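There are two complexes below, and they share subunit A, which is joined by subunit B in the first and by subunit C in the second.
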Partner chain A sequence: MVFNGLVRYQPGNSAVIEPDLATEIPEPEMTADGKQTWTFQLRQGVMCHPGPQTESYELTADDVVYSLQKSATTERSAYAGEYAGMTFEKVDTYTVRITLDRPLSPTLFLPKVANYSGGFIVCAQAVEAMGDEAFKTHPVGTGPFMFQEYTPQTAIKLVAFDQYFRGAPKLAGVELRFMPDVSSRELGLQAGDLDVAEGLIEAQWVERINASGNLRADVFGVGEVSFLNINITKPPFDNPLVRQAIAYAISRDDHVALFNEPVAEPVYSVVPAQLLPGGLTREEAEERGVLFEQDIEKAKQLLAEAGYPDGFSIDLITSEMPTYRRNYEVLQAELAEIGIQVNLNVVAHATMHEQIRQDVNPIVIYVAWRPNADAFLTRFFHSDSIIMTGKAPDTNFSHYDKIDDLIEQARYETDPDRQEELWKQANEQVLRDVAAYPLLFTNQVYARSTAVDYGHELVSSLALYPQITELTTINR
Partner chain B sequence: MLRYILRRLLLAIPTLLAVLTVIFFIVRVAPGDPATAALGDYASAEAVAAMRERMGLNEPLWKQYLTFLADLARGDLGRSLITGKPISEQISFVLPYTVELAIAAIVVGLILGVPIGVITALRRNTLIDDIGRIVSLVGLSLPAFYLGIILMFVFAVKLGLLPSVGSAPFSNPGKHLQHVILPALALGLIETAYMARMTRSVMMGILSDDFIRTARAKGLTERMVLIRHALRAGLIPIVSLTGIFAISLIGSSVVVEEVFARPGLGRLMVGATKQRDYTALQSIMVVYSLIIIVINLMTDIIYTFVDPRVRID
Partner chain C sequence: MAQAAATASALAGPRLISQRQRAWRTFRQNRTAVAGLVLIILIVAVALAAPLLAPADPTAQSIRMRLQAPSWANPLGRDDYGRDILSRVIYGTRVALQVGILSVLLGGAVGTAIGVIAGYFGGRIEAMLMRLVDILLSFPDLITGLLVVAVLGPGLGKLILAIGLTIAPRFARLAHGPTLSVKKRDFVEAARALGVGNGRILRVHILPNVLGELIVLGSLWTASAIRLEASLSFIGLGVPPPTPTWGQMIRDGTIYLTDAPLYAIGPGLALLITVLAFNLVGDGLRDVLDPRSRA
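Coming up: the complex of A and B.
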């Protein structure tokens, strides 16, 4: 709401990328020395919000270059890794050229300059006047709403920016409140003190809200994938037969039933086919022989073959958060059926995140969204990302190292179709080795007063909440 | 009196120091990492490492501890690890909200609880007494957040009389006050139950005392007996209970602040705990400890007013 990117995810549908500060999405060009350049023409007359120490001024190529360079600097940005091997230059006041040492497909490149995380274009003069630290709690951009006030743990207030380049917002402002309790959010909505509120990720909740006259619950993407990671180096899970037995013991339907459709959906590869190129649909998983539908007899037989006819027992920790805990509990019941006894210990969410990175769990259930197949595959299945021992330890809980080549080949494939096929192959291999098992996909749930019109149809939003734009209205 | 207050405050310093030390280490022992919390689980390991360095978490623990104490000695509560803003700024913003809520709840407890206690003591074993006892039992068994949700449902959703969630700034007193009523009731009605029960049993004891019989024998009206003699003698336990209640309110206001989405010290602390914002958390705890010390001191001073036999030096 505060920032723009060179391009943006279409409000309400993050599958479509359209121009934002740029006048159009350019075609990449190749240079003689094998580099790739993307040249963006900027809109004219885009104004920056007035900052605490700066006047409003017109955004130019200087600001764009400054912002992207900031994102590429490790000391100044958490996303610097995404911008390695990229240089940014101003061609003239309204033209920016980005040069990539290694060419990328549009699928991987455009999100880096879209209105999300590192792609946000900031107003350079405001940042320079305030310093990075102060800018974090008082952002200055070019979006339809400008920052007004931040109260820690309580609220953020934004007000309409009338000079917004797509036109003045119809709302006077937006107040974002932090309210951890779902029942008070619901009552706040019913009393008319709130207009939009995050709901419960449960089909029953959605039905209940829709049954009340003046409220509507929206179910939309992007959601999160819940999946199993199995440590393939730790006995007895180093035995592929044991991992296959686990896969056959699991029923996707039971996991989906925790939250129910349409809020939850089955998923057939760790990269969800729902929203990302490179994921496997049910048909594709079946064709490639990696569907693993529940088959208890087969699971028992595999376990016996592996030398565990009577099963074994393991200790696992889970977060107290329902999305984790309930999945672990269902898994506990499923594994009990084939003789694997799971002793489950519930810990605080932050504690779980720390402990699973120290290899405490031989089976880790993780709930995640990543913006593209490359991020999913690299961070969960590239050998560099192996927890504790990898070159850059991240979230490869399964200690898996068999698709490094495929991941890298796909990353630098510039043809989107070929790239998609390589990602599918990578997903297939992960499943064949049962290093992971995808359980379910959960959408987001937000409720709103029927008076609220977002100004667009809500299919998916990367921001994890519905977009409030200059077109959003409330008619009471 | 002034010397007494100063001495009490000086004596509080060792207590405070012990509390600080325990807090400092306990918040760091709990597993979880502020850098990961600040950046989200999507952040790369490299970014997290850079963030840890910037937050000063790679310094040896004893050095962090000494810096904390040295800053505190200068009256500096430090900066939040997550927002980089001065913590004193955050606390001074929310503290009035929490103090206001606590005072409002105590007022509700006193103006409802004491009369109910007195009346049920006077009308012992009648229908009024039974109703009073049942109502206070209900009050004792209800958690504040649940009562809060019920009040919100009735008064905000069904009747539309009061706002449900949020708060208004102090600069808008009318609106501001409307936002205080329901949270204050949620906390205060529970105190009412305690207060009524205690007042009832204290008054029952006093009313059978010799000096009450003497007062009645002097020919004083029942009203005078009650107000001048009985209630006055019952004030000490009421003040004690109010003091204890004020301390527990500072803690139990956390849930009510969450339910009503009010700014407050409790919410600030819960948020800081979730984010593992060590510096904010330890400074908030310092303020909590100070508040508790001040409330205890105030209770002791009030004793000297209600009971002249209590001497301070």
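Coming up: the complex of A and C.
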């Protein structure tokens, strides 16, 4: 709401990328020395919000280069790794050229300059005047709403920016309140104190909200994938038969039923085929022999073959958050069926995140969205990302290291079709080795007053919440 | 405190048997207390006979039937994992009673020992122990419990330990006062003059004389311990899943208050009845032991 990118995910449909600050999406060009360049023409007359120490001014190539360079600097940005091997230069006031040492397909390049995480374009003069720290709690951008006030753990207030380049917003402002409890959010909606609120990721909740006359619950993407990561180095899970037994013990349908369709959907690879190129559909998983439908007898037999006819016992921790705890508790019951006793301890969400990164759980259930197959595969299954011991420890909980080549080959494949096939092969390999087992995909659930019109159809939002744009209205 | 000591010494005399009979008579006349006692007996019976009473396995999931409305097979309906709520409430009685009774026994034993030793020996030992007790008492119960659980980690045994430690200072404070007056009484002086050792004096002369008050406190705190367990479970620090506990069920059920109200109300009622029963008996016992309330 506060920032723009060079390109943006279409409001309400993140599958479509369209120009934002740029006038159009450029075609990449190759240079003689094998590098790739992308040249963006900027819109003219885009105004920056007035900052605490700066006046409103026109955004130019200087701001764009400054922002992307900021994102590429490790000390100033958490996303610096995404921008390695990229250089940014100003061609003229309204032209920016980005040079990539290694060419990328549009699927992988455009998200880096879209209105998400590192792609946000900030107003350079405001950042320079305020410093990075102060800027974090007082952002200055070019979006339809400008920052007004932040009360920690309470609320953020934004007001309309009338000089927004797509036209003045129809709403006077937006107030975002932090309310962790879903029942109080629901009461707030019913009382009319709130116009939009995050709901419960559960079909029953959606039905109930829709049954009340003045409220609507929207179910939309992008959702998060819940999947098992099994540590392939830790006995007894280093034995592939044990991992296969676990896969056959699980009922994917039961995990989906925990949240119910349409809020939850089954997935057949860690990369969800519903939303991203490179994922496996049910048919594809079956064809490639990596579907693993529940078969308790087969699971018991595999476990006996592996030398554990009486099963064994393991300790796992789970977050108290329902999306995690429920999956763990169902897994606990499923594994009990084949003789694996799971002692489950419930801990605070932050504690779980800290502990699983220190290899506490031999089986980690993780709930995540990543913007593309490369990010999913690299962060969860590339050997560099192995927790604790990897070169750049991230979220490779399974200690998996068998698809590094495929991931890298796919990353630098500029033909989208071939790239997609490589990703599918990588997914297939992960499943064949049962380093992971995809459980389900959960969509986002937000409820709104029927008076709210987002100004676009809500299919998917990368921000995980409905976008409030200059076109959003409330008609009471 | 003076009355308490008097009651206690009266109990210890040679008329002990008839005192007991009279106490039982007073208790019996208190109808609410008797009702409480009957309830406690019933609750204990339910806990013991849980496998016979529960219509289903409390941990058996059938996810595709989650949050099903009450029926003959599942009188309170099914929870969010499709487990039978009634069976879980019945089995939850076991955890509640275990925690309630064991933590009070533990807290009572530790606390009484501290209070009696402090009172009997006096001096620096007393100052040290009782200041420690004061510090512990200055924390609200839930906070002490929370801290202990956070340090020890989850689990039934640790939960009992946590609640026991929370309760101990109250027993220490209550045991301390009567000890101070009992130790100055003639029979204690006499015993000491005869050369009886400290250990034996504490055991035979002091402890029986301060026990009456402590039993009342014990039954009242059993109720509070059960409540505390539910509170800790409610904030997610209780017994690990899938063991059914009332607090956990209430916590999970509140999300579905409109869809499946009995999910939270069922264990809520069970908790209410149990806490009420122990409180009624506690009040009844207090009446028996408090001479001022005697007709």
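Of note:
In the analysis below, the second predicted complex is superposed on the first by the 476 of 476 C-alpha atoms of A that agree within 3 Å, B and C clash if a C-alpha of one lies under 4 Å from a C-alpha of the other, contacts with A are read in each partner's own complex, and residues count from 1 in each chain.
Just so it is clear, contacts are C-beta pairs under 8 Å (C-beta built on N, C-alpha and C of every residue); 3 or more make two chains touch, one makes a residue touch a chain.
Since this is a predicted model, take the numbers as computed values, not measurements.
Subunit B and subunit C, once both complexes are superposed via subunit A, fit side by side. In the superposed model, B is the one of subunit B and subunit C that contacts more residues of subunit A.
Of the two partner chains placed by the overlay, neither subunit B nor subunit C lies in contact with A:25. In the superposition on chain A, contact of A:152 is made with subunit B only, not with subunit C.
With both structures placed on the common chain, the touch criterion links A:329 to subunit C but leaves subunit B unconnected.
Within the superposed three-chain model, A:187 lies in touch with subunit B and out of touch with subunit C [touch as defined at top]. Look at A:304: by the touch rule set out above, it reaches neither subunit B nor subunit C. By the document's definition of touching, of the two partners only subunit B reaches A:350; subunit C does not. Contact with subunit B, but none with subunit C, is seen for A:78 once the two complexes are overlaid on the shared chain. Smallest inter-chain Cα distance, subunit B versus subunit C, after superposition on the shared chain: 8 Å.
Within subunit A, the residues touching subunit B in one complex and subunit C in the other are 183, 347-348.
Contact residues of subunit A toward subunit C in the complex are 182-183, 200, 204, 208, 253-255, 257-258, 320, 322, 325-326, 329-330, 332-333, 343-348.
Against subunit A, the residues of subunit B that register as touching in their complex are 30-33, 36-37, 39, 41-47, 50-51, 54, 80, 83-85, 90, 93-94, 145, 148-149, 152-153, 156-157, 160, 163-166, 258-261, 263, 267-268, 270-272, 274, 276.
Taken together, the subunit C residues at the contact with subunit A in this complex read 59-61, 63-64, 66-67, 80-81, 153-155, 236, 240-242, 254-259. Per the touch definition, subunit A reaches subunit B in the complex via residues 74-75, 77-81, 133-134, 136-137, 151-155, 177-181, 183-185, 187-188, 190-194, 347-348, 350-351, 353-355, 368, 370, 379, 392-395.
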